[in-house]
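Below: a set of structures, written as structure tokens.
In the two assemblies presented below, chain A is common to both, partnered first by chain B and then by chain C.
Right after this comes the complex of A and B.
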């Protein structure tokens, strides 16, 4: 059996491709419904509909906490227990998460990831009439702002850290890709009247017990804006924990990017998993084109140096263990920081502070050890028994 | 509309939403208290940051952003 981890665009495409080749497939996802983050709550999205109509079994609400590439087994934790599942070939389509950078006040309730606030709104969080500032970098900010505005939110402004001089050439190149320019025009229409301010970024978030205002560097001028929510996103970070743990000949990884690239990556991985190499290889030109666009995005929206200096000595960097930046002084690696301060050793296992520290200090991300997510003792015991049988 | 109890208080939640949505919609800003005593609420909204963890029906460390509300559910922050 082919097992696909992740029911976002890549996972759905992989499962459908393998299914099309006549192979038995099972998909695992930690969320209650398929669609990943981008199609969360969107039961009518055509890929989600195709997936549902395919009859491919989905194990929803199941988190992969451990795996063994030798016995080709995954250990899953479900709300009501644990389960082991064996695979012949594994497709890892765990997608990506947002990259966060620490700044004073970023731990206040009301500060969300940009994609995070969108995900919450898609799941039913009312944003009608809320004053929202969207800040960070990349085209996701526009998509999030347009979505929230469509739900009745009042988008005060979008602060994009990239300077206008870098945005223009990108916009010009976009014109060569009709589908993407159409998306861009649509967003521009949806966001008409919302200030989109390049070369601007959040300096601090402030409030008593919850977010009340945000201080922004707006093209060199420091301004304070009141708001209910702040949606911040500094680009995406692939979730590679499972792929790192299960690297092996029977493991395929569908890389991540925008939904278009993810669909292509997933489909190619699905064909390969099913042993249909010609079909996978036929997708190479499309994949190359989509990857080139992803590279262009990364280059255009590269993080500026000023963002390395937003946090002060008291700013918490590791939110799980409440480790402020000042305590990391003199540490020379993530491991050093972990051993001396517990930075990165809380429940998120460095998923939030790891990428931030990589940007701040150039520390490579931490090594991966199972369990890759916090798990109940009962779950680990279930695996123990499984191995003895 | 399922009714859940949050720290003993009745909260009406929309059908099929997650615990995180139910709490945020009810104006709750403290999902957990950090080691240094700060209130924390969801950040990533997608099961990564673990900031939204609450106790659901006696089960600690449940991620509010991934657990769907059920009639009579007991949530402790």
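Right after this comes the complex of A and C.
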């Protein structure tokens, strides 16, 4: 059996491709519904519909906590127990998560990851009439702003750290791709009247007990804007934990947040997993084009150096263990920081602060220890007690 | 040549350089510096990053042998003297140990230990079945009893090592060869010094291949925070059988409360395994054993598992003292699972030998020149 981990666009495309080749496939996802981080709950996405109609089994609400490449098994934690699943071929389509960077006030209630706030709004957090500032970088900011606006939020402005001079060539390239520019036009329509300010970024978030205002560097001028929520998006960080544990630290995983590329990569992986190399190879030109676009995206929205210097000595870098930046003085590696400040040692195991410190200091996070996610000890024992479903 | 190497080459005036900045090396550096010597430490990685970081960090008195008792008892006294000065992040906590007896046979061992410790002035409480249940309500019911050692403690050893190292120059480098007057680094730099203390734990054999030190792999798992779940470091008496065994892989129930409210769950012992990766099967065995004793653990969340290597010796005693045939080289290694416990006493004994001082306990049982032949 082919097992696909992740029911986002890549995972679903992989499952559909393998299924098309006549292979038995099972998809595993930690969320209750398919669609991935961004499209979960959007039942009308074409690929989600195709997946639902395909009859491919989805193990929803299952978190992969460990895997063993020798016995080809994954250990899953479900809300009501544990389960082991065997695979012949595994497709890892674990996607990505938001990257957070520390700045003064980023841990205040009312400050969210852009994708996180969108997900919360989808699951019922009322944003009607709320004043929201969206800041950070990349096209995700526009999508989130448009969504929140659609839910009745008042988007004060979108602060894009990339300078306008870099955005124009990107826009021109976008115009050459009908599908992309159509998406862009729709967003532009949805966001008509919302200031989109390039070369601007959040300097600090302020408030008593919760977010009340945001200080922005707005094209070189420092301004204070009042708001209820701040949605921050500094790009995406690939979730490589499972791949690293199973395959080794040299595994490369792309994460662009770009559904088109994810669908293509997933489909090619699905064909390869099913042993249909010609079909996978036939996708090469499309893949090359989509990857080139993703690279362009990465280059255009590369984080600017100023963002490395927003945090001060008191700014928390590790939320799990409350470690402020000042505590890391004199430390010369993530391991040094972990051992002597507890930074990265909490329940998230450095998922948040690791990428931030990688950006701030260039520290690679070399250690990947099981379990992949915090797991009940009973789950880790599952083999001894037989298959529990 | 980087700055660090220049520092090494330029300063040949160190009386002693300690190779390795684990808890044992750091303690030796502190002791020798406090005795007035000009001391530096050479470390290839992070202070306290080897077995010091991988272990549980208990400060326990053990009675495996008279010599082990003498060393652990002496060292624990030194830990309690140091405790008021330790920084908060060293998480020193006198939570005490509780050895639990599953049956009457193990209960007989409780009484034997109680007699042994009491005769040597170590405070102990013998607990019956109800006493154990009261001391640790999360243990399974029906255990025969237990032995509490109230003076046993727990600490976060990497922070303790950093504290011991304060003010002592830390030189970065990998020692590749010991020479009659010092050592040579992987960069080719030769360093001369009055004496070298080899405190590289399980890596000791790399520099002194004749030493009978070999790696014994162990696994641990740490949980999320559950304050109040556990009061003592709890160990099954079967641990001793497992710790004694020199051939088979073994697991034993050993769980420790951390100051953070986290639980540290052990333990496993494997010989002849060189791969530092966490092994599914071994971790499962270890956790299954823990759940046998503390069924509620099954519902708690584990956040991280890892494995490390203890520096084992054939007679379960460390190697402390002058390297045979090398008057200027001293060995402080082979502490197995008791490196944190015995580090401070080890440092005293090393300093005593180096400075021709009289020691508080006989040094002979730990002499690297001793015979390891069980039939001798």
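Brief remarks follow.
Here is the rule we go by: the second predicted complex is superposed on the first by the 371 of 389 C-alpha atoms of A that agree within 3 Å, B and C clash if a C-alpha of one lies under 4 Å from a C-alpha of the other, contacts with A are read in each partner's own complex, and residues count from 1 in each chain.
Methods note: a residue touches a chain if its C-beta (ideal position, glycine included) is under 8 Å from a C-beta of that chain, and two chains touch if they have at least 3 such contacts.
Owing to the predicted nature of the structure, the values given are computational and were not obtained by experimental measurement.
After overlaying the two complexes on the shared chain, residue contacts for A:347 are found with chain B and with chain C alike.
Which of chain B and chain C touches more residues of chain A is settled by the count: it is B. Legend: residue contacts after superposition of the two complexes on their common chain; A:377 is shown touching chain C, with no touch to chain B. In the superposed model, A:110 makes contact with chain B only, not with chain C.
Of the two partner chains placed by the overlay, only chain B lies in contact with A:209; chain C stays clear of it. Once the two complexes are laid over each other on the shared chain, residue contacts for A:339 go to chain C alone; chain B is not touched. Applying the stated contact rule after C-alpha superposition, one finds that A:244 touches neither chain B nor chain C.
Of the two partner chains, chain C is the only one touched by A:66; chain B is not. Contacts of A:154 after superposition: neither chain B nor chain C is touched.
Once the two complexes are overlaid on chain A, the chain A residues touched by chain B in the first and by chain C in the second are 346-347, 374. Those residues of chain A lying in contact with chain C across their complex are 66, 68, 333, 335-336, 339-340, 342, 345-347, 349, 369-371, 374-378, 380-381, 383-384. Against chain A, the residues of chain B that register as touching in their complex are 14, 16-18, 20-21, 24-25, 29-31, 34-36, 38-51, 53, 61, 65-68. Of all residues in chain A, those touching chain B in their complex are 30-32, 37, 61, 63, 79, 97-98, 100, 107, 109-113, 115-120, 123-126, 209-210, 239, 316, 319-322, 346-348, 351-352, 374.
Those residues of chain C lying in contact with chain A across their complex are 45-49, 53, 89, 158-159, 162, 221, 223-224, 265, 278, 280, 283-285, 287-288, 290-291, 297-306.
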